[in-house]
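Here chain A shows up in two complexes: once beside chain B, once beside chain C.
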Partner chain A sequence: MSENLRPMGFWEKVSKLDRRWIYSAVAITVIIPLIWRIDFPVGITPEAKQLFDAVEALPDGSTVMLTFDYYASALPETEPASRAALHHLFRKNCKVVTMTTIPLGGPTISERVTRDMAKLYDKVYGIDYVNLGYKANYVAVLSGMGSSIEDIYPADNSGTKLADLPIIQNIKNYDDIDFIFVVADNAIVDYWISIVNAQYNTPVGASVTAVSAPKYYPLVTSGQMTGLLGGMKGAAEYEIMVGKEAAAVKGMSVQSLVHFLIILMVIMGNVGYFVSRKKKPQAA
Partner chain B sequence: MKRTVPIILAIGSGAILAIVFFLNPDFKLLFGVTSDNIKQEVLKWVTIVSGFTLILGVVSIFRVNMKAFQQKKTDRWYKMVTIVSLLAMAIPGVFPGPATEIGKTLYTYLPDWIGVYGSQNGIIVSWLFDHLDAPMMATMFATLAFYIASAAYRAFRARTLEATLLLAAALIVMFWRVPMGEAVLNAMSPDLPEWINTILMRGVNASVQRGIIIGAALGAASMSLRIILGIERIYLGKT
Partner chain C sequence: MSESLTLGSHLTIWIEAFVTLALFSFLYKDNPIYKFIEHVFAGLSAGYYAGLIGQSVIYPQLLDPLYSDFGGNWILLIPFGFGMMMLTRLTPIGPIPDLSWMSRWGLAITIGSTAGIFLISQLHGLVMPQTLDTFASFGRAGNTVEFAMAILTLVGVISTLVYFYFSKEHVGVIGRVAKVGIWFIMVAFGAQFGYTVMGRVSLLIGRMTFLIDKWIVGSMGSMFN
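So, the complex of A and B:
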C-alpha cells in the first residue's frame, strides 16, 4: 500500500486535527466557567506581597501617583489592578494623582475608573485626587515632572488649571510623591524605572500584563522595582490582599481552564508529531 | 539645507539634554539660567513637537486614505470608514471643554449640549471609546486566544534541544501561573510553587532578561551617541 493510501492512525489524526475543533474547545472552556463558577485558591506571590506591603507601609494621607498606561485591549488584565489599587489607596486616605501615557482611551479609562472608585470612598476631585490626563512624548513627560509637574501639565484632564486645584498646592515634583503605582500593558515601565526611580529615587511598583511580567523580574530582584503584579493573576492576588475580590478573581477559573486546555493541546500535538514521525518510513 | 538643519537640531537637542543630565540642577550657566531651566525648556519643546507629530500622523492617514478612495480601489469604502472614524474621534476631542479658559468664554455663547465636547468625563470621545473602540479592541484581543491555541497546537514542537527547553519552561510557567495548576503543585509539594518562582522566574528568567536589558540599553546608548555625533542619519529618511 502506498504511503498516501495508508490509513491514518489515532495520533496522526490528532496531529492533523482541524482548527475548528480547537476553536470550539477554547470557546467551550471559556464559556463553562463563566456559567458555573469554579473557584480555586489563589496563591500570593512574593512580588505581589512586596507591592501590597509597600503601599500598606505608606503613612495615611501620603501622595501616590497611579498611572493608567494601557489600551482597551488589555482591560481584563489591567483594570482590575487599577481598581484594587484605588481601593487600597483611598482606604488609606492617600492623595491620588492619576495620569496616562496612552492617547487612545487612556484619559477616558483613568477618568471613569478613578471617579467610580472615588464615589465609594466619598473622595472629592481636586482635593483627594486629580487626573492629569495625557501628554505627548512620555520620555519628556516623565523626565519633566522631575522638576515641575505643573510645567508639563499646566491643566488637568478637563482643562482646569492645576494651580486652581488644592491637591496640587503641595505637589511640585517627584520629591512630593511617596510612591508610583504603574499599571501598564507596554514597555513604559522601563522608563518609569530608568527615568523616575533611577534619577529621582521615587519608589515604583507595577502591575503589567502576564506576557510582559517575566521581563521585570530582574528589576524586582535588583530592588529597582518595589513589587510586581503579573497579569490577571497578579490583579487577583492584589484584590485578595486588599479584601475586595472582583473581576480578576472571577476570571481566574476561566484562565485556569484555558491554560490547562492549551497545555493539553501542546502535549497532544507533540505526541502526535513524534508518533507520526516514527511511523513515517525512512527514505532509502 | 534639508539635511543640515535637522542634523544641527538633533545634535543640539541631544547634546543639551546629555550635558545637563550630568550637572547639578541648580548649576548656573549664563545670565542666572540654571541647567534645570534649560532641561525643562527643551522638554517642553519636545512635548510640543510631539503634539505636532500627532497632527502630522493624522494628516498623513487622511491623505493616504483619501487618495485611495478617490482612485476607486475595490476596498475604497474601508478607506472612507477610516476617514470618518478619524474625524469622528478627532473633532470632538480637540474642541475645548467647558473647564478650559477658551471653553469658559465660548460656552457663554453656545448651547449647553455643546458641553459634551472636550476631553473631560461624560463626553462624545468617552462615549465613542467606551461603546465602539473598547469593544472592538477587546474583540480583536479575545480572538487571539483562539489563534494562540491553534498555533501552540501546530507549531510548538520539541524538535530541537532548545525548543524542548523552551517548551518545558513554558508549560511549567503556564501550569504554575494559574490557581488550578498551583493547587495541583501544592498537592504534590507545598514548596513547589515557591520553588518554581525562585528558580525559574527569579533565577533563570531574571538572569536572561537582565542580559537582554543590558544589551538593549547598550545598543540604545550607542545609537543615541551616533545621532548626537551626527554619524547616524537614517532617521532623516530620503531627503
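So, the complex of A and C:
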C-alpha cells in the first residue's frame, strides 16, 4: 500500500483533528458545570491578600477612587472584581469616586455597577459616591487630576456640575484620595503607576485581565503597586476575602475543568506530533 | 430568574443572545450573519464614540465655557483651532482645496507633548524603579531561598537584555549569555500563554453564563412557564 493510502493511526488522527471538535469539547466542558455546579477550591495569592489588606487598613470613611478602565468585552473578568471591591468599600463607608478612561462601555458599566451596589448599602449618589464618567486622552486626564479633578471633569457622568455635589467639596486632587483601585483590561495600569503613583505617591492597587497580569507582578514586588488581582481568578479571590462569593467563584470551577481539558489536549497533540513524525519515512 | 421581565428586557436578552450566537458561528466557518454583526458592531462603536466625545469633551470643556464666559476662556480657541486642523486631512472635498498639510501642526503638538510626557513618566515611574528593585531584592532577602531568587532575577534581567543587544554578534560569551536569556524569555512566554488561556476561557464562561442563566432559564423559562 502506498504511503498516501495507508490508514491513519490513532495518534495521526489526533494530530490532524479538525479544530471544530476541540471547540465543541471546550464548549461542553464549560456548559456542564454551569448547569450542574461543581466546586473546586480557590487559593488566595499573596498579591490578592495584599490588596485586600491595604483596603481593609484604610480608616472608615476614606476616599477611594475606583476605575472602570475596561471594555464590555472583558466583563467576565473585570465586573466581578469591581463588584467585590464595591462590597468592600461601601461596607467600610468609604467615599467612592468612580471614573473610566474607556469610551465604549466604560461610562455605562460604571454607572450600572455602582448604582446596583450602592442600593445594597443604602448609599446616596453625590454624598457617598460619584461617577465622573469618561474623558478622552487618558494621559491628560491622569496628569490633570493631580492639579484639579474639577478642571478635568467639570461635570459628572450625568452632566451635573461637580461643584453641586457634596462629595466633591473635600476632594480637589490626588492629595485627597487615599487609595486608587484600578480595574482594567489594558495597559492603562502602566500610567496609573508611572504618572499617578510615581509623581503623586497615591497608593495604587489593581485588578487586571489575565492576559496582562504577568506584566504587573514585578510592580507589586517593587512596592509600586499595592496588591494585584489577576483575571477571573483574582476576582474570585477578592470575592472570597470580602465574603461575597459570586460570578467569579462560580466561573473558576468551570475554569479548572477547562484547564484540565486543555492540558490533556496539549499532551495528546504533542504525543500525536512526535508519533506521526517517527512514522514518517525518512527522505531519500 | 423572575417572571417579571418586561417585554423590553426579553427583547434585549434575545438580541444579545442572537448576536452572541452569530459571532460564535464564525468558529464553524465564516458566514454572512457573522459579517453582518461585525459591521453592526463597527458602526455602532463609531457612532457611540463620536456622540460620547461630543457629550463629554466638546460640550462641557469647549462650547459651554466659551458660551458662559468667552472673555475668560478665549484661550480654548487655540486647541480648538489645532483640532479643526486635524480634520483638514479629509480635504480636498468639493470646492475646498487640499489643505491636508495643516493637519501636521495639530499632530506635531499631540505627538511632541505625548512623547515628552511618556519619556519622563516611563523612565521615572517604571524603568528606574524596576532597575533599582532588581538590586534592592538582594537587600530584602531574609533567607537563602530569597537570596537565590534575587540572583535568579538578576541573571534573568541581564541575560534577557543581552539577548536584545544586537550591536554585537551573538557568539562566544555574548552568545552563551543570550542563550540563557532565551530560556528566561521562553518561561515568560509560557506564563503569558497560560494566563491568556485563562483569560479567553473566562470570556467564554461569561457568554455561556449569559446564554444559560439569562436567555434559556430567564427569558425562555419565563415565556414557556
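In this section, the second predicted complex is superposed on the first by the 284 of 284 C-alpha atoms of A that agree within 3 Å, B and C clash if a C-alpha of one lies under 4 Å from a C-alpha of the other, contacts with A are read in each partner's own complex, and residues count from 1 in each chain.
Heads up, the rule we're going with is that contacts are C-beta pairs under 8 Å (C-beta built on N, C-alpha and C of every residue); 3 or more make two chains touch, one makes a residue touch a chain.
This one's a predicted model, so the numbers in the text were calculated from it and none came from an experiment.
**Student:** Counting only touches as set out at the top, which of chain B and chain C does A:Pro41 meet: first, second, both, neither?
**Tutor:** Once the two structures are laid over each other on A, A:Pro41 reaches chain B alone.
**Student:** In the superposed arrangement, which partner chain does A:Tyr273 touch: chain B (first), chain C (second), both, or neither?
**Tutor:** First partner only.
**Student:** For A:Phe68, is the partner it touches chain B (first), chain C (second), both, or none of the two (neither)?
**Tutor:** Touch status of A:Phe68: no partner.
**Student:** Does chain B (first) or chain C (second) touch A:Ser147, or do both, or does neither?
**Tutor:** A:Ser147 contacts chain B only, not chain C.
**Student:** Quick check on the superposed pair: does A:Val30 touch chain B, chain C, both, or neither? Answer first, second, both or neither.
**Tutor:** both
**Student:** Determine, under the contact definition given at the top, whether A:Gly251 touches first (chain B), second (chain C), both, or neither.
**Tutor:** A:Gly251 sits against chain C, while chain B stays out of touch.
**Student:** On the superposed three-chain arrangement, identify whether chain B or chain C touches more chain A residues.
**Tutor:** B
**Student:** Is A:Leu104 touching anything from chain B or chain C once the two structures are fitted on A? First, second, both or neither.
**Tutor:** both
**Student:** Who does A:Thr209 touch here: chain B (first), chain C (second), both, or neither?
**Tutor:** A:Thr209: touches chain C, not chain B.
**Student:** Just checking: does A:Phe181 make contact with chain B only, chain C only, both, or neither of them? Give me first, second, both or neither.
**Tutor:** It touches nothing on chain B or chain C.
**Student:** If I apply the document's touch criterion, which positions on chain A are contacted by chain B in one structure and by chain C in the other?
**Tutor:** Touching chain B and chain C on chain A: residues 23, 26-27, 30, 73-76, 103-104, 107, 133, 135-136, 139, 143, 155, 159, 190, 210, 214, 218, 221, 230-231, 233, 255, 258-259, 262.
**Student:** How about chain C: which of its residues touch chain A in the complex?
**Tutor:** Going by the criterion above, the answer is residues 27-28, 45, 48-49, 52-53, 55-57, 60-61, 64-65, 114, 117-118, 121-122, 124-126, 129-130, 132-133, 136-137, 188, 191-192, 195-199, 201-209, 212-213.
**Student:** For the complex, which residues does chain B have touching chain A?
**Tutor:** Checking each residue of chain B against chain A gives 25, 36, 39-40, 43-44, 46-47, 49-51, 53-54, 96-101, 103, 118-121, 125-126, 129-130, 133-134, 137-138, 140-141, 145-146, 148-150, 152-154, 156-158, 167, 170-171, 173-175, 177-183, 186, 193-194, 197, 201-202, 205-207, 209-210, 212-213.
**Student:** Which residues, counting only chain A, touch chain B once they are in their complex?
**Tutor:** For chain A paired with chain B, touching residues are 17, 19, 22-23, 25-27, 30, 40-43, 45-46, 71-76, 103-105, 107-108, 111-112, 115, 133, 135-137, 139-141, 143-144, 147-148, 151-152, 155, 157-161, 190, 210, 214-218, 220-221, 230-231, 233, 236, 252-253, 255-263, 265-270, 273.
**Student:** Which bits of chain A are touching chain C when the two form their complex?
**Tutor:** On the chain A side, the touching residues are 20, 23, 26-27, 30-31, 34-35, 73-77, 103-104, 107, 133-136, 139, 143, 154-155, 159, 190-191, 193-195, 197-199, 209-211, 213-214, 218-219, 221-224, 230-233, 247, 250-251, 254-255, 258-259, 262.
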